[in-house]
Structure formats: C-alpha cells, structure tokens
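Structures given as structure tokens follow.
Shared chain: chain A. Partners: chain B in the first complex, chain C in the second.
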Partner chain A sequence: MNVADLIDLLLQHSPALIVAVPLLGAFITPLISRLNDKVRNVFVILTLGLTASLVFLLASDVFTGNIHTYIFGSQDLALPVVRILFEVDAMSAFMAIISVILSLVAVIYSWSFMKENTGLDKYYTLILLMTAGMLGMELTGDLFNFFVFLEITSISSAALVAFWTNKAKSVEAGFKYIVISTIGALFILFSIALFYGQYNALNMAMIASAMQYTFLDKIALVLLIAALAMKAGVVPMHMWLPDAYSKAPSSVTLILVGATQASLYGVFRVCFTIYGGAINLSSISIGWILVILGIITMLLGVAMAIIQTDFKRLIAFSAVAEIGYMLLGIGTGLVVMLNPEMTATGLAAMKGGIFHIMNDALDVGLLFLVAGAIYYATKETSLNKLGGLARNMKYTTVFFIIGLLAVSGMPPMNGFASKLLIYESTYQLNPILSIIAILSSIMLLAVFVKVFHSAFLGPALPKFENVKEVPKSMLIAMGTIATIIIIFGLFPEIIVNSIVEPAANALINYGDYVREVIPSFTGGV
Partner chain B sequence: MSGMSKIVKTISSITFPLITIYGLYVIAHGHLTPGGGFQGGAIVASGCAMMLVSYGSIWIVSRVKEKNLSILESLGAVCFILLALLGLGFGAVFFNNFLVGTNSLFGVVPAAGSGLADINTGGVIPLMNFAVGLKVIAGLFGIVLVMAHASRTKGEKK
Partner chain C sequence: MFTLEPLLETFQTGSGFWSPIIWIVAIIVAFLVAVILRGFGKKEYKEKTGQTQAFLSGNPEYEKEQMHIKGSNLYWGFTESLEWVFDALKKMHTGNVSDYALWFVIVVAILFIVLITGENLMGAI
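And then the complex of A and B:
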C-alpha cells in the first residue's frame, strides 16, 4: 500500500477517526499518567495533534466541494433511517477546524499553567472528552447523535469549570452551567421526540426532506433555538456564561469558547438545514429574531463589560457581545435570503458572520489566555489591584495589544475584516443595525483600552516587583493564536475565499446536504 | 462511614454473591434479553454499594483502592473503543461487527424463526457489553466509594 492509498483510506475514515482518536486518548490518559506526568502531557498533545491533522486532511477535501458521509457499522447506506450517520459539509469542517485549534492551544498552554494542580489526569481526560464531544456535535448528521455529543460536551465542561474545587465560586459556576445545560438538553430531546413522532426519523437530512412545518415543528423550532442559544450564551439567557468563563481555569475557558460556538453552529444547522425547506414560510421572522437577539446581545454584553472590575469577567462579557455579531451577520443573511435583489448582501452578511465565529474564537481566546497569564504571574484578577505589568511582562503585553485591537475590530487585525463585512451588509438591510454594531465595537475598544491602562501601564507597583514573564509553553500558546490573528488580518481575502465562502454556501445551499443522504430530494436549489 | 450490626453484615455477605451473579448474567445476556452492559454493571455496583453500607467505607477502602478502580474503568472504555477500531482494521468501517458469521467466538448467526436463544451469537456486541459492564462496575462503585469515604465523620478515623 503506497502513501496515496493510505491518505485516501484515512480521508475516507476521517469523520469517524476525528471523534474516535480523542475519545480513545481520553481513556488512555489516566493509564499513562501512572507512568510520568511529562509523558502524559506529550501524549495528550500528540493525540490532539493527530486529531488536528485528520481535521485538516478532511477539511482540505471538503472545501473543494465534496460532502463526506460516514455510516457507522456498515458500508452501505441501505437504511439511512436507522444508521448512525456523520455528514461533513464545509460548515461542519469550518467549525471543526476552530474547535481543534482551540483544544490544541489549550493543552499546550496547560503544560505550565496547570503544573501546580493535582488531579491532572482527570483534567486532561475531561479536555479530550470535551474535544471529542465538540467535534462530534459539528460532524454528526443525526439529531439524536447531536444530543448525545452535546451532553458529553456539557458534562465534561461543567466538571472542568469547577476544576478548582477549592474555590467556592468555581463550584457555583460549574453547578450553574450543568443546570443550564441539562435544561437546554431536555428542550432538545423534547424537540427530537417531536420530529421522531412525526417523521419517524432522527437523521437531519431525512427530517429536512420530510419537513412539513406543522404546528409541532414550530414548537420544536422554538425549543431548539432557545436551548442552543442558551448554551451559546445569547442574551437574555447568558447568565451562566460570565460565571463559567471567569471562574474556570483560562485554558478551559479557551475550549469553552469553542463549546459555545459548537452550540451556535447547532442554531445555524437547525435554521438553515433542518428548516431549510420551510424557509419560504418563515425565513423573514426567524431571521429577524436572530437579528434582534444579536443586537440585544451586543449592547448588553458591552454595557456589562464596561462596569466590570474583574479581568476575566470583563472579557467574558465582551465574549457575550461578540456572539451578537455572529447572530447579526447570519440573521441578516436569513432575512434577505429570499429577496433576489439582495443575494449579494445576504452572502456577504453570512460570510461576515461565519468569519466572525473564527475571529471571535481567536480574539477572545487570546485575551483569556493573557488574563490567565496575568493570574499565573500575579495571582490577581482584580483590575483595581493590577498595574505597571508592562515593565515585567513584555511579551504578554504585546499579545494583549494584539488581542485588544482584534477584538474591537481595528485594522489590520482579523476582527476588522469580518466586522467590516457585517457592517456593510447590515447597512443595506437597515442602517440602524450597523450603527449599533459599530457603536458596540467602539465601546469594546474603550473597555479594553481601560483594561490595558489599568493592568499594564502606570507606575511599577512594589508588590509586583518580582513578577516574571510566564513560562515558555504559555508564551507559545499565546504566540500561536496571535500569529494566526495577524495572518488572518493581513490576508482576509484568502481566508474568506478559501474556507469562509464554502461554509456560507454550504449553509445557503442546504439541498446539497440533504441530497447526499436522500438523492431523490428536489428542494433547496 | 462505619459498619452496621453483625446481622446486616451477615445477610449482606450472603446476598452479595447472588446480586453479583445476577448482574453478570444481565451483562452476559445483553444481546439476548433486556439489559446489557450498563444495566448489569449497575446491578453489580449496587451490590458493591450494599457491602459498602453494611461494612463501612473504612473497611472497604483498606481492601479496594479507588486508584485501581479508575484503572479498571479506563480499561473498560479503552476496550470498547478498540473493538470499534478493530472493525475499521478489518477492512470495513468504524463499529463494524467483524465477528459475525465467522463461527468463532460469538460469531454464529442464529437460524431464522423462533427457537431457544443461543448465547454464542451477536459478534462484537457481547464483547462491547463486557467492556461497558467493566466500566460501569468500576466507575459507579468508585464514585460511591469516594463519596462515602469523603463524607465520613471525623470520629470514625480509627
């Protein structure tokens, strides 16, 4: 067997392997940590590295226009109704890339960041499980499977949020998260039951092809959007998010950003694919609901971020605001989808929203890592007590400036590219929307300039005299994300054309997704 | 948690093997009758929990280590995924039932129609049930053991 055959074989089996490799790694980790801590850390990084290379292999093929399906336990698609099916289109691959990059960076960061903690075998096991869950949510083509992976992600992330069990607030945040997740998961399970009762199917493509948009389907749509938006931290269901983000270890927060975005992906998959056929009837109202949720999320997130004095809580509220931009972009795309005069606007809005998913993960992720680095160096998160750190931590300061510019949408960082797409396209729908979006960005800039001033500038404080730059592994992790941010910012056109546009098209042309499983399907052209 | 009276201990010792055997039966017959790895594992673990209540966590912890239980739990999960990967290794797909039709271990295909159940069927499903059973026994018992031992009152430390 030569190399080309082997790569073909890997490509064919990659949807299953992408979930199986971290899952297997998760359960080998406790066995390996009996041997040696360093061996375990290397093993976890290698496992995620292998997963990442499989994701990139699969994505490189999917972005050329192929949709991959993988049927578990059988080679033919004789009975799609009962088979467990993975279906990977460009949108799934796009989300999988984000998740796997975040997880990989988080474990590199954890090497030094979590060194002092005990119970690290469980920590790494949970991180791998969470990664497997996120990737499963993004790759699966089966609604019940989606629910199962959602539960895997929620349970492992709730345990990780509460990882610092000696702090009462971490435990409280973890408890809040598990309660919210369970309620959300029950909503989803109920709507799956509604689908199964009507269409005898759990497969997303099957349901999409049979969708009648009955009264029960409307209830299911409301439940699905409510539950997934709750898990994505959309205002007014965001109350768990600032707690969970700010009380979890920074490396965990980075993956949590990925987990919320996997839920957001669920919202888009439900609106565009499962209800794709019903879109003639409802796209305008669903789109406007997403737009309004986005606007509220943006404004409230920024407004709450301004008044925070805790470093990580402040970033958590700005992460809430960033989610609003994605909803605004995709919602605008949904509103104008059927208007033939505004197809270009819709596509631009979708591209902006989808590109912003990746940019938000990188920008907010970098800021959280910087906050973690400051906590590691000073054991302090309150902005009132920090100051003058730029003297001691020059690399971290540079990374914070990059994150600051990126998150507030300043050129030449990546946030500018996606936000400009969103501003331009929403302006054509309604100028007020884009004015609010720009206003939120300006306020975000104000928030982070204040943080920059109070944490890094100012006179050297005597209590931080001995503060040193953080260890190499944390610098490597932050540097990796900062490099990606700058590359994306300098060449946004390449990224948008090569991976964002296929993802946007995959959402819009949902018929291709359905036809991959049900060849006789005629809608969605 | 300290132990209970001698009567409780004796009755528990008598019923523990019965509960265990019943649980193992549910695991082994998972592909034929209702139940399976998870349900049988939960039955065995509940038997272990009964021993924990009657003999007390201090007595149990001196004999069973939580570390070993967590190794067993990991082994169960690893076996499950390895079996699924073996399906891929035999030239087919992930989770492929590669043992069916080979007439080896659990590889017999039963005749169509009604008849007595044959335990020697099911391919990898019984093996996966064993793996899940191992994971559930070790996992559930480990959780109960740690919770009981962590919540013991101060005076009982010996």
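And then the complex of A and C:
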C-alpha cells in the first residue's frame, strides 16, 4: 500500500476515527498514567494531534463541496436493523476544527498549569472523553446519537468543572452544570421521541425529508431550541455558564467554550437542516426568534460583565455576549433567506455568524488562558486585588492585549472581520439591530480596558514583587491561539472563502445534506 | 506555487470592503509621524531625578497599593447612574439552580406562545 492509498483509506474512515481515537485514548490514559506522568502527557497530546490531523484531512475534502457519510451497521438501508450514520458536511467539519484546536491547545496548556494537581489520570481521561463527545455531536447525522454524545460531553464536562474538589464553589458549579445539562438533555430526548413516533426515524436527513411541520413538530422545535440554547448559554438561560466557566480550571474552560458551541451548532442544525423545509410553512420566522434571543444575550451579557470584579467571571459574561453575535448573524440569515432580493445579505449574515463562532472560540479562549496564567502566577482572580502585572508578565500582557482587541472587534483582529459582516448585514434587515451590536462591542472594549487597567497597569504592588512569567507550555498555548487570531485578522478573505463560506452554504443548501442519505429528495434549494 | 496575491486580497463584506493590510500601513505611517513629532520635543528630561517623582499638589504620596485604582472603582459613575438596571440584573442572578431551571421553563412557555399560538392567530387573520 502506498502513501496515497493510505491517505484515501484514512479519509474514508476518518469520520469514525475522529471520534474513535480520542475515545480509545481516554480508556488507555489511566493505564499509561501508571508508567510516568510525562509519558501520559505526551500520549494525550499525540492522541489529540492525531485526531486534529484526521479532522484537517477530512475537512480538506469536505470544504471542496463533498459530503462524507459513514454507516455503522448494515450498509443496506432497506434492512430493518439498527444502524448509526455519521454525516459530515462543511458546517460539521468547521465545528470539528474548532473543537479539536481548543482541546489540543488545552492539553498543551495543562502540562504546566495542572502539574501541581493530583488525579491527573482522571483529568486527561475526562478531557479526551469530552473531546470525543463534542466531535461526535458535530459529526453525527443521527439525532439519538447526537443525544448520546451530548450526554458524554455533559457528564465529562461536569466532572471537569468540579475537578478542584477542594474548592466548594467548583463542586457547586459542577453540580449546577449537571442539573442544567440533564434537564436540557431530557427535553431533547422527548423531542427525539416525538420525531420517532411520527416518522419512525432517528436520522436527521430522514426526519428532514419527511418533515410535515405538524403540531408535534412545533412542540419538538420549541423544546430543541430551548434546550440546546440553554446548553449554549443563551440569555436568560445562561446563568450556569458564568458559574461553570469561572470555577473550572482555565484549561477546562477553554474546552467548555467548544462544548457550548457544539450545542449552538445543534440549534443551527435543527433550524436549518431538520426544519429546513418547514421554514416556508411557518408564518412566524424562527429566524426572528434567534435574532431577539441574540440581542438580549448580547446586551445582558455585556451589562453583567461590566460590573464583575472577578477576572474569570467577567470573561464568562463576555463569552455570553459573544454568543449573542452568532445568534444575531445566523438569525438574520434565516430571516432574509426567503427574500430573493436579500440573498446576498443573508449569505453575508450567515458568513459573519459562522466566522464569529470560530473567532469567539479563539478570542474568549485566549482570554481564559490569560486569566489562568494570572491565577497560576498570583493565586488571585479578583480585579480589586490585582495590579501592575505588566511589569512581571510581559508575554502574558501582550497576549491579553491581543485577546482584548480581538474580542472587542477592534481592527485588524479577527473579531473585527466577523463583526463587520454582522453589522453590515443586520443593518440591512433593521438598523437598530446593527446599532445595538456596535454598542455592545464598545461596551465589551470598556469591559476589557477595565481588566487591563486593574490587572496589568498601575504601580508595581509589593505583594506581586516576586511574580514571574508563566512556564513555556502555557506561553506556547497562548501564543498558538494569539498567532491564529492575528493570521485570521490579517487574511480574513482567505479564511472566509476557504472554510466559512462552504460552512454557510452547507447550512443554507440543506437539500444536499438530505440527498446524501435520501437521493430521491427534491427539496432544499 | 505559493503566491502573495491571495494574501493581499481585500475582504469583501457584500456591501463594503475591508483591507487589514492598508489599515496596518496607515497605522505604521501614523506611528512614524508621531515619532518624528516627538523628536522635536525638549531633550532636558532626566531619569531618576525629581522630575520622575509624582506631584500630588503638595500632598504626601500614598502606599502603592492605595494608589492603584481597583476594578470596582472603574466606571463608578456609569454603574452608579444605572444602578436600577444593574440591581435588577443582579437580582435575576440568584445563584440558585432551581431558578436557572425556572428560566428555562419561562423561555419554553414564551416560545410555545410565540410559535404555536402566534401562528394560529396569524392563520386566523
């Protein structure tokens, strides 16, 4: 077998391998932990490195317009046997890239950040399980399978949020997270039962092709949107998010950002694919629901962020506000999709919303890593107690400035490019939406200027006299994300054309997704 | 073969455009102008002399920790004038997981009313 054949074989089986590799790695990690801590750390990084390579291999093919399906079970669809189908389009691949990058950076960061902790075999096992869960949610084409991966992600996330069991608030945050996740998951399961009862199917493409938009379908739609939006941290169901994000170790928070975005992906998959054909039937636009939720999320998130005095809790509320931008962009796309005169606006809004998913993961992720670095160096997260750290932590300060500019949508960072797309497209739908979005960005800038002043500027405080820069592995992790932010900011056209636009088209042209499973399907153009 | 052309492409937003490269060039030019203007300034400044000490209208200098404006002091005027808004928001965030679940129920109820009842009303009209 030559190299080309091997790559073809890997590409063919990559949808399965992308989930199988971290899952298998998770079960092997406790065994390798018994050998040596360094060997375990290297093993986990290599496992996620291999997973990332497979994701990039699959994505490189999917972004050219192909859709990959992978059937677990009988290949003959006429046979009445249990089978699970993975279906990977450009949107799935886009989300998988985000998840795998965040997980890989998080384990590199963890090398130094978590080295003083015990129970790291469980920590790395849970991280790999969580990664497998997120990737499964993004790659599966089966709704029940989506629920299973959502549960895997939720359980491992809750355990990781409560990883610092010596801190009561961490355990409390983990408890809240699992309660909220379970409530959300139960309603998702109920919605799946409604589909199964009506259409005798669990496959997303099959449900989409059979969708009648009955009364039960409307109930299922409400429950799915509400439950997944809660898991994504949409206001007013966001309250678990600042608790979990601020009390988890920073490396875990980075992956949690990916997990919430996987739930947001679920909202988009439901609205665009499963209910893609029903948009015409609905007299009240689902898009407007997303737009209104987005605006409320943006405003409340940023308002709560401005009054926070805990570094991590402040970033968590900013992350809530950022979710609003994604909902606004995608919601606008959904609203104008049916208007032939506004097709270009709809596509621009979709591109903005989707591009912002990746930008938010990078920007907010970097800020959480900086917060973790400050905690590592000072054992402090209160903005009332920090100060003058720019003198001792020069690299961390530079990374914070990059994150600050990016998350506030300041040029020439990546956040500006995606927010510009959102501002311009929402302006054409309704100028007030655009004004609110710009106002929220200005407030976000104010929020992080406050952090910059209170934590990094000011006189050198005697209690932080001996504070040193964080270890190299943490700097490498922060540097990697900062570099991606700068590259995305400087060359947005390349990123949008090569990965964002195919993802937006994959959501809009849901018929291609359905036809991959049901070739006779004629809708969805 | 690698070419520079794609890297220099202008970002088309549908109704406008954005070029980070031109923006950076403009910032560099502005920075150079600032440096040149600064060069015309006086050069008598001496480090580690009385010129570098803080002058607080003749008042004694406080301890360094007291001099630093802390996180909760920033934007005091803004948060004070909008206290009623922030108080309402704080009350909303009880920290009680039962309330978190209640908000979920409220959102489900609103979505039901909007999507199901609203559609029926629209249909009747």
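As a convention for this text, the second predicted complex is superposed on the first by the 513 of 525 C-alpha atoms of A that agree within 3 Å, B and C clash if a C-alpha of one lies under 4 Å from a C-alpha of the other, contacts with A are read in each partner's own complex, and residues count from 1 in each chain.
In this section, contacts are C-beta pairs under 8 Å (C-beta built on N, C-alpha and C of every residue); 3 or more make two chains touch, one makes a residue touch a chain.
Since this is a predicted model, take the numbers as computed values, not measurements.
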Chain C versus chain B on the shared chain A, clash or fit after superposition: fit
Which superposed partner A:Leu221 touches (first chain B, second chain C, both, neither): second
Superposition-derived angle with apex at the Cα centre of chain A and sides reaching chain B and chain C, degrees in steps of 10: 140
Which of chain B and chain C A:Gly258 touches, first, second, both or neither: neither
First (chain B), second (chain C), both or neither touched by A:Gln428: second
Larger contact residue set on chain A - chain B or chain C: C
Partner chain in contact with A:Leu24 - chain B first, chain C second, else both or neither: first
Touched partner set for A:Gly331, first chain B, second chain C, both or neither: neither
Which superposed partner A:Gly133 touches (first chain B, second chain C, both, neither): neither
Overlay on shared chain A, then closest C-alpha pair between chain B and chain C (Å): 25
Shared chain A surface residues [contacts with chain B and with chain C]: none
Complex interface listing, chain B residues touching chain A: 70-71, 74-75, 77-78, 81-82, 84-85, 87-88, 92-97
Chain C - residues contacting chain A, complex: 6-7, 9-16, 18, 20-21, 23-24, 64-65, 67-72, 74-75, 78-79, 85-86, 89-90, 92-93, 95, 97, 99-101, 103-104, 106-108, 111-112, 114-116, 118-119, 122-123
Chain B-facing residues of chain A, complex: 13, 16-17, 20, 23-24, 26-31, 34, 70-75, 84
Chain C-touching residues of chain A, taken from the complex the two chains share: 175-176, 179-180, 183-184, 187, 215, 218-219, 221-223, 225-227, 229-230, 236-237, 239-240, 242-243, 282-284, 286, 289, 300, 303-304, 306-307, 309, 344-345, 347-348, 382-388, 411-412, 416-417, 420-421, 424-425, 428, 446, 450-451, 453-455, 458-463, 489-494, 496
